[in-house]
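In structure tokens below, several structures.
Paired with chain B in one complex and with chain C in the other, chain A is shared by the two complexes that follow.
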Partner chain A sequence: MRFLALLRKELRECLPWLLLAAIILLAIGGFILRDAQLHEWYRPSPSRFPSGSIMKWYDFTIHPPLSPVGPVLLLTSIGLGLALGARQFWVPHFTRTWGFTIHRSLTRSTILCAKFTAAIIAFVISLGTVWLALYWYSSHPALFSMLPVKRVFIEGWLFILLGLVVYLGTALTGLSTARWYTSKIFGLAFAAIVIFPVILQWRLGWAFALIIISALILLSQTINAFSEREF
Partner chain B sequence: MSETVLETKGLTKYYGSTLAVDHLDLNIPRGSICGFVGRNAAGKTTAIKLMLGLLKPTTGSSTLLGCDSQQLRPAIRRRIGYVTEGHRLFRWMTITALEKFQRSFFPKQWDDRLFADMIEYFQLSKRQKIKHLSNGQRAQVSLALALAPNPELLIMDDPTLGLDAAIRRQFLQGMIELIMRQGRTILFSSHILGDVERVADRIVVIDKGVLRANCSLEQFRAAVKKVILTFKDFVPDEVNIAGLLHCRRTEKQLELILVGTSDDRIAACADTAGAEEYNIVKMNLEDQFIEYTAPKNHRRLFKWEEK
Partner chain C sequence: MKPNNISKYIAAPSGILMTLLILLIAVLFLQGIILQTASVLTYEKHRAAKNQTDQDKDLTEEEKRFDRIRNSQKEFLHDGTIHLVHRPQRSSRHSDEPEKVQIYDANDNLLWQGFKDKIPYQYLSWSGPRPHQYHRFTHKWMKNIQMITPEFSQVLEIPITSPDKTRQIWRYHPNKDFFIGYDTAGQKIGHIGSTGFTHSKDHAKPFGKFKSFTAWTLQHSHNPILLWQTARRIYQINFEKQHVRLLFESTESDIKMAAPHMWWSFKPGTIEHEMAKNYRPTIRCLTEDGKHHLIMRNPDQTITVTPPADWWTDALQLTATKDDIFLCCRDTETRPPSRFKPYDFYLQWYRKFEGKPHKEWIELYKLDNQANLHLLNRFEWTAPPGAHPKVSAIPFRTRIQRSVAVFSTPLYDLAWYLLGREFFIKHYRDKDFFAGFARATAEIRPASSICNWLLGLAMTVFTLCHAWPRRTSWQKLTFWLVFVLAFNLAGLLTYLALNHTSLIKCPACGKRRGLTQPNCIRCGAQLPPPQPRKSDLIFN
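Our next item is the complex of A and B:
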């Protein structure tokens, strides 16, 4: 009951960012898919290649219509990670509500767990649901002649996980009492560095492993920072 | 009544190289209403946060209800109410939402009627959001939230800061509500000595992180005295008397601030110094506190006044 009360409070505080992220992804992703559906730009049209013209290999490099939504999802996920990390771990510092939050009949680890749970729920509800909806929409054979492969769908979830890594990095930076030019920046810098190998990684398994390892590193550091931190 | 609910031993806190709390040894007995007073930056908030385990001491320790402050279990925290400095609450919540939120942490202790009574007494609407409340109204909500779970120990960090006289009085009335319940202990920091005088039975004075007094209010009131010695011709630079804290010289008088000096000794001192007459000036608690915590060589606000 106490955990649920705290979780509800955390979710309510995440709600504006959760909705904003969902709306951004739905609007841009929906627009891209609708555009693809109307203009069928994702496949080479015979009208674009009149007979006798020279066709190069890249004219045939075609993607499923959901693929261009991937970068949008990645950016939205990073944005949501930054926003939630800041909301949960920076704002209480500026509004001086840490004392009121911490002094209650819960251990610090439970309080932190409620924050993490709220963030995961926020990611799943906003980005996960919208991504699932976009995938489902783009998989409609009646609407699109080229259906997305599963890899695109999994890549999307990796981008969502990457957002969680950014969230943990922001949380760690927010909890740090060091100066900006010293170890405070570590959390955000680490999360930023992780993004590049993940998006450049061709093998999904490696990308997934990289995300999990970096998330575990940041998670252990964040738990330690929260339990040791003075409020 | 002699059971100690709050105890600190050599509690010290440094922020970098700045000493905030210096070897604080404090005992607060159960059932007392303790005014924790000190000037700005005296270390009151730091001391309170150390006691609650929100800050880590550099050295020393403190216990609350018999439990080490650094390892306060949820079950112990449930017995301690805390009103934060500036009444920082979740701004987006309504009073009802905040009540529901707080109640879930005290399922058996929460007194719905007391909370409703206090909200009604303070003439607040439960539908109001915290962000739309004034500073005084937020203080009232804070107090209601802290009192509703019937805490054994209530710690309040400058609860009346920024409140006008009428709201302060209402707030103190709310505190008295808790005091009426047996066995409750209150520690509240304040700058307003009138408030301390009105409700506290014990006073703790902290100055630059150092504990200067920890006694009953009556003892403090009786101990700190201002004596004016009037001389006919020659005014000595100072006099030798036990308990002398400050000595100020004017044209024909010596103003002495004494601590714990008996009236007999004062009379003897006046006689020895050759004073024509002496007066023990009655001071209110605020004057006593200011004199007691004034620095030795307190300079005037404007330097030209010293000429």
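Our next item is the complex of A and C:
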């Protein structure tokens, strides 16, 4: 019960960011897909292939209609990670409200667990469901003549997981007691660095492995920092 | 696991790993910026020096003749006669003006001069080394289109169109290694694999490890035909007719290179279309065992040429006219060493020929149907010393590279030796993260430099001086010393980032001590109690 009460409190605090991220992704993503459906800009024109000629290979490589949604999803996910991390681990420090959360009849691990659960729920509800809806819309044969491959759907989830890594990096930076010009910023820097090898990767398995390993590195340090820090 | 255990066993190594990665990348960035600046400066210096040399160059008539012969294009007539086609002034690539050429015979007599498009001779046409980069989709591009990127990965699709709209889409699935066809309603039509068209997915067979493809359209058609090359096979795929034809299979070794010549149809009225009338469509295929295979059409025929061991197999060319098959062989005394040799090996080879004249030659052979070689003509010339200019001192960039590499971790060298030179060179042109790592490692590895080890030792001594009063246990101290020695500058910065504790003077022994240990590491005295303050009266 205490955990659920704490979770509700965390979700209440996350709600504005959760809604904002969902609205941004839904509005921009929906507009892009509607535009793709009406104008079919993703489909190469048949006149591209003149008779009796050698063809250029890039005439055969096609981006899915969802491709302009990708940067929006990635940026929204990173933004949501930053916002939630800052809301949960930085704002209580500035407003001096850590005491209200810490000095309850709850263990620190329960408090941390409630924060993480709230963040995961926020990501799944705001970005996961909207991404699912956008993918489902683009997979409709009556609306689009080119259907996306399943791989694109998985790549979208990788972007959402990257947002969670940024969230953990922000949390670690928020909990660190070091000076900002020393190792305080390292959590966030590490999360930023992880984004590059993941999006410059062509093997999905390796990308997932990179995200899991980096998330574990950040998670273990966040738990340690939260358990040992004096508030 | 309890949070305390996590903090004990996982968090500390995670923190070290994270900090080390960040600082390794930071050091790498700095090294990269310095190297790029050095590259720009070297290029400017090189260009200025080259301009100066060109101005100072004053060749004698004999040297000019040697230079002209060397730079002339060596062309063969169908009867084997050689002509030297010289371009006195190379026009700009974007110039519309036709280029002027001079044609000499083997005895250096001028036969003809005029514009290039008016040449009165018909020379043998050879398959180029490879189709143009825009026409050849390689396995590296296949990886690139699968890269996740912020805009998601791309797919390879072959459209089948009627004049005004797309009728079918054939999508390549890299994991399954065959094509799946869809109609405009998104319904599956069938599958195209190595065994041809099938309706059932279970009967579709993969093509094999993809290497490259080239696509073209026939006359009066807008639908592409693919020449699909795998590690051991070459297929021709016609999607409109849903037909797959195996053109060549190498049973003994992998295909190194495949170069088509007149294989596709050209638009009527073009030079290529006129030229194609005299030739049989061919694909020259070089396999890893050094054999050349010539796949011919009209009629279908394949011959295999096994060149003598001392020939330069990479410089061979083959062609088939309507009547004969020809082989052209170029060679030089200064044949470059094979790939994947150490840099010093190349430098040694270069220094052997720098500033010296050397022999080069070209030979034309006619082949019979059993691939026996009959020499038709041979032309030999002496290349002037300028072809291999003297190497001055070590280039500026290389000196900077060596200086910058002093700050790298010796573990890059370990990766270099374990994975091998071939691994790094093969991955050099890829664009994914590991290719980037391979490039960076190759550029800034210390190459077992003594300076690198000396700097590492100096940093270890500094770490010892810094850690001695702060030490909490011998194991930790030893770990950090080994760590700094192994990771050089990044290791030292990691140590400093994670061990920045203040020092105080021990009130008992008067020596400096860290604050992470309650007892003084030297005398064992405890930390002194804080000075009494006025507020203590309230709290106590």
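Definition applied: the second predicted complex is superposed on the first by the 217 of 231 C-alpha atoms of A that agree within 3 Å, B and C clash if a C-alpha of one lies under 4 Å from a C-alpha of the other, contacts with A are read in each partner's own complex, and residues count from 1 in each chain.
Here is the rule we go by: a contact is a pair of C-beta atoms (placed from the backbone, for glycine too) under 8 Å apart; a residue touches a chain by one contact, two chains touch by 3 or more.
Predicted, not measured: the structure shown is a model, and the values here were computed from it.
Looking at the overlay, does A:12 come into contact with chain B only (first), chain C only (second), both, or neither?
The answer is first: A:12 touches chain B but not chain C.
Given the superposition on chain A, which partner contacts more residues in chain A: chain B or chain C?
Counted on chain A, the partner with more touching residues turns out to be C.
So, does A:96 touch the first partner chain B, the second partner chain C, both, or neither?
In the superposition, A:96 contacts chain B only.
Just to be sure I read the superposition right, which of the two partners does A:2 touch: chain B = first, chain C = second, or both, or neither?
first
Quick check on the superposed pair: does A:231 touch chain B, chain C, both, or neither? Answer first, second, both or neither.
A:231 sits against chain B, while chain C stays out of touch.
For A:105, using the defined touch cut-off, is the partner it touches chain B, chain C, both, or neither? Pick first, second, both or neither.
First partner only, chain B.
Starting from the residues of chain A touching chain B, keep only those that also touch chain C in the other complex, and list them.
Touching chain B and chain C on chain A: no residues.
Show which residues of chain A lie in contact with chain C when the two form their complex.
Contacts found on chain A: 43-44, 46, 49-58, 60-64, 66-68, 70-71, 74, 108-109, 141, 145-147, 149, 151-152, 155-156, 158, 178, 182-183, 186-187, 189-190, 193, 196-202, 204, 207, 216-218, 220-221, 223-225, 227-228.
Which of the residues in chain A end up touching chain B in this complex?
1-2, 4-5, 8-9, 12-13, 95-100, 102-107, 230-231
Considering only the defined contacts, which chain C positions touch chain A in the complex?
Contacts found on chain C: 3-4, 6-7, 10-12, 14-15, 17-19, 21-22, 25, 131, 134-137, 141, 143-159, 161-166, 169, 171, 182, 184-187, 213-224, 264-268, 431-433, 436, 497-498, 500.
With touch defined as at the start, can you tell me which chain B residues reach chain A in the complex?
Contacts found on chain B: 49, 52, 54-56, 74-75, 77-78, 80, 82, 84-86, 88-93, 100-101, 104-107.
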